[in-house]
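Chain naming follows the written order as A, B, C and D, and within any one chain the residues start at number 1.
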Amino acid sequence: MSIRVAILGATGYTAVELVKLLLRHPEVTITALTSRQEGNAPIASVHPSLVGRIQANLENLSAAEVAARAECVFSCLPHCASAEVIPELLKAGCRVVDFSADYRLASAQVYEDWYGHRHPDPDRLGKVPYGLPELFREAIPSADLVANPGCYPTSAILPLAPLLKEGLIAREDIIVDSKSGVSGAGRTPKLTTHFPECNESLSAYNIGRHRHTPEIEQILSTVAGAEVQIVFTPHLVPMDRGILTTTYSHPTRQVTEDEVLDCLRSFYDDEPFVRVVDHLPATKDTSGTNFCHITARIVRDRIITVSCLDNLIKGASGAAVQNFNLMYGFPETTALL
Amino acid sequence: MSIRVAILGATGYTAVELVKLLLRHPEVTITALTSRQEGNAPIASVHPSLVGRIQANLENLSAAEVAARAECVFSCLPHCASAEVIPELLKAGCRVVDFSADYRLASAQVYEDWYGHRHPDPDRLGKVPYGLPELFREAIPSADLVANPGCYPTSAILPLAPLLKEGLIAREDIIVDSKSGVSGAGRTPKLTTHFPECNESLSAYNIGRHRHTPEIEQILSTVAGAEVQIVFTPHLVPMDRGILTTTYSHPTRQVTEDEVLDCLRSFYDDEPFVRVVDHLPATKDTSGTNFCHITARIVRDRIITVSCLDNLIKGASGAAVQNFNLMYGFPETTALL
Amino acid sequence: MSIRVAILGATGYTAVELVKLLLRHPEVTITALTSRQEGNAPIASVHPSLVGRIQANLENLSAAEVAARAECVFSCLPHCASAEVIPELLKAGCRVVDFSADYRLASAQVYEDWYGHRHPDPDRLGKVPYGLPELFREAIPSADLVANPGCYPTSAILPLAPLLKEGLIAREDIIVDSKSGVSGAGRTPKLTTHFPECNESLSAYNIGRHRHTPEIEQILSTVAGAEVQIVFTPHLVPMDRGILTTTYSHPTRQVTEDEVLDCLRSFYDDEPFVRVVDHLPATKDTSGTNFCHITARIVRDRIITVSCLDNLIKGASGAAVQNFNLMYGFPETTALL
Amino acid sequence: MSIRVAILGATGYTAVELVKLLLRHPEVTITALTSRQEGNAPIASVHPSLVGRIQANLENLSAAEVAARAECVFSCLPHCASAEVIPELLKAGCRVVDFSADYRLASAQVYEDWYGHRHPDPDRLGKVPYGLPELFREAIPSADLVANPGCYPTSAILPLAPLLKEGLIAREDIIVDSKSGVSGAGRTPKLTTHFPECNESLSAYNIGRHRHTPEIEQILSTVAGAEVQIVFTPHLVPMDRGILTTTYSHPTRQVTEDEVLDCLRSFYDDEPFVRVVDHLPATKDTSGTNFCHITARIVRDRIITVSCLDNLIKGASGAAVQNFNLMYGFPETTALL
């Protein structure tokens, strides 16, 4: 039984990673790759790394045309554009994994505040599972629509969620200092991602204003059962891939480093893709994989966590395939090891 | 009037930067370059970037031989080795700028705790000016020995000192999250700095255990007039040069971003090498220069500062030349613009 | 039917890539990973990218112990060390894929001239198939020992072999200008591969003296049926992976670019891992894959080819798995797509 | 006596390097920085590396306005645009150093063939000195207009010119295989120079079609006194700066490596910025400097030269200052050491 899948917005970096993962999936046939800009070009002409691996062309297809070809749709469209087409796909019977932020936030007002657009499909908000299987696995198999998490949120939520759930850390004054490779900025050339500008350089950006802030806070609040507040500072690192997130939080009681590590370990013991390690992990350890490595330290009564993952895989396309596997009853690790 | 200068330990990265800066100094003649390992090789054979720019050979010289040739000595020796030779140089009438950590800390016990060695010259501790002219300029001109600051400390102290001095931020629970290029790890090949290991990767290291921690705390405590405590987390970034430090501190009262920026600006208004900027600076903006760029933000009642500098220049050799200029009465910016 | 395989010298970069590929192979069980230096450490402690993916320890095993555990042995030992152990493994009934140069050259004298060691097993030379399936596929299935090609040779031989075989280019005065990422230099830290030395820099090395020269010439001579001479110039590029080789040769008669491309295309038409493309390929197009991309141009009556591949995959571990698949009758692309 | 200078097109990478060099020049005052696009912004807002170093604004000035403010004009305008404004500047009495290709070629027809535009000022072609002081120093002091060389041409001409002049190498079948950092592609964001595209990748481009081809051939032909033909292959390297050029040529008679090196050495013996070295140089050795390092090897009766320089300094702005110094009678190395 092979599932026919479509990928919307197939020219970006997450889409090409998704294609590569799906080509390894024994139960998937890619039946449509859409693009509004690239005419009818072979996808391998846009992404030469696909030469000889997939013959398909990019096509400018309507939602109806997509639905006629695919049971499952991965939407790699930008926010807003995604929520404009997804209702039609769902109506036509497709199941959808959405890479955009459109269905991650529960509140249309918060969405509008941070994304600057009125939400095109507000009634669905709050009813769509957040596709982080490590926290919300039960909700995914039966869902017709899954909101695939953001890359920064996954790197911040995975280390903090167990500590908040166990009440080990305070819900206020959590600092999330994240460092990301440049592919996270997308494939559209800009001055800030022009090689001679960002190579051999490190900078912070969007301090206090990054759109992943409310997403992280919402999910952590859900986990903690009460409002969680973070200070989120993303940095741009001269490397292709990888996110490393360093968090600083206050313990609610006297704890040892071992207790913190044990809390993380017992939470993720059965998880196939989260590894709690003793050493300080490097992004390269997880590069090209669907793994997230996490560790913790205590310094001057502050709990510090360090986590890392590949922003395009565990932070995007790998997580999407993980969700797809859950939605269709395949072993969760299929195509991901 | 040309000052005859010697450089001890002339094979490292800070030494080669120092040579390049001093070659531009109109009042300096380099008369000795020492190395215990490199025999009698031309320095340009060890550092091909000096080919055709300086003819001098590396030599394995005693302190007495150095003192016979030079009025001023820059010691780029490792910690401990530096304090073993400096007393003899001072006795012989040399003035010294020490790049090592040996004379930065005021307490021999703290030194031993963090560096794992008994201090070779404990009586001088606490009497040597810390060579950060922006804070201790008055003490430098008359000094025979100046302790050149560490690279991370300069990047952390410059943004925090004015805020602590003005009482704008609390002295506890200050987080210093620093990111450094690989040249900061020195010129000795190690697995962690082997290109295929650290390229395309980011990692944290020595969390809570980095030796610059007590140095930052001591200087900030001096400035604040009371004990300051920090959590210091250094990260290794795949680039040659540059440090970016993000700090998080609690305001002591309700303040605006403008007040914080004004506090920084009025403090550094007359400084030739510190620039308080409105935008978020990138390490590349200061690469190859003696400048430090600083800005500040307020997010959720946390004051965030972002500062950057070139670890080999403002974080080492440029600062040393700045100190040298002050010691010998040259304009402070000589050879540094 | 699962093949029990061992990897000798399992701490290097080619070995870790091989482990990752073999973990995806449905018919392989890794039963031994040897190292003389790393004691009894889990391989995942040496290569954190394997955390949670393989539980095996490194072990210091004798040839007999290896043979007792494995049917097939991949030797990632250095040259000379490899040929010292392989005869014993073969005698014990193992089949072997050798990553070293030990069995690539047909002449013990040429080996000694270029590698500076007397060959430990000279009688086998000239009888071991060169494991480049695109040229010598028939010899591999029945072989007990296969000499896995060097990374530079694969990148140079694949574009030149068809042109020599068809007599389109002259056998003399062929220039092979290659550019390689740093992982090709291995995992042992050296000054030349220390990040601050080789990052942001490009250099040529071993001009006219690189050990891959006689290997390229021998294989091309075999293909051409007469002696081929090359000038080989390798360069070190600041990137982890990838080789791009630019060759310059003289056409033997008036030809067009289309004829040259057609010659390449018809030669590689049925090959799963060689793609002849019209555009100028980039190493990134083949990074992380077992593909080699090739194109050709004619400028001022010179035929220029440009080829690229991932030095650790098609240039080493991927080719080894390709050979393994041929030796054991698995589809050649198993674990490689 | 301070020369008032203007820089046209001051937003690009060569212009910002030029500003930094000129700020070190004791006899220069920058009086105008033009840009058609950046309105009236401070140049330091466009190039944050100039913060606190220069107060000037970018301005959209006419040629007459520029001429009213400056004696000497550096034109960093694109080709064609440069030759449209330079005649007016010259008429108004300015002396000009032109960074564009507009006055490098002697033939308007060759210009049109390679640049695709009719030359705006054809009558001056062939009368403007080519600003490579190592070859044409005598023509520069009296010139009102100097054509600053291209970066690739400088890297190719410097090693080949002495060999051609001495008749040591044949004038045909010279291969120039060049590798350049990304800043050579300019400051305008494009997909090919988008960090995630060109980082960790190497590619050849414009094989046989690069516009520096006729420039190299023309200058080498002038030096040789007869037509020289080259095959030129540029490559894009993932680094900010630096060009390394490997050339392959045929000796005209039996020569030794020492003879070739001696030929280069005696040619450049008195040159302040060309260093003939025994070792194989790396681009990093010349990074940030106005030096060019050259060496040579002989392999299989082929003469190979390897040369490197900083494309923005010796390949552009440093050479321009060198020309400026010659034009105004300053020591040639002023502001360049």
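FYI, a contact is a pair of C-beta atoms (placed from the backbone, for glycine too) under 8 Å apart; a residue touches a chain by one contact, two chains touch by 3 or more.
If you're wondering where the values come from, they're calculated on a predicted model, not measured in any experiment.
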Of the pairs A-C, A-B or B-C, which one shares over half of its contact pairs with A-D? B-C
Which chain lies the greatest distance away from subunit B when centres are computed from Cα atoms alone? C
Between subunit C and subunit D, what distance separates the C-alpha centroids? Give it in angstrom. 40
Just curious, how far off is subunit D from subunit B if you go by their C-alpha centres, in Å? 36
Hey, what residues on subunit C touch two or more of the other chains? 181, 197-200, 238-240, 281-282, 284, 287
Counting only chain pairs that touch, give me the topology of the graph as line, ring, star, complete or other. complete
What residues on subunit A touch subunit B, complex-wise? 173, 175, 177, 179, 181, 197-205, 207-208, 229-233, 235, 237-242, 244, 246, 248, 280-284, 287, 297-300, 302, 304, 306, 308
Which stretch or stretches of subunit D touch subunit B in the complex? 23-24, 48-49, 51-53, 200, 275, 277, 279, 281-282, 284-289, 291, 293, 337
In their complex, what parts of subunit C are in touch with subunit B? 13, 181-183, 187, 189-191, 193-200, 238-240
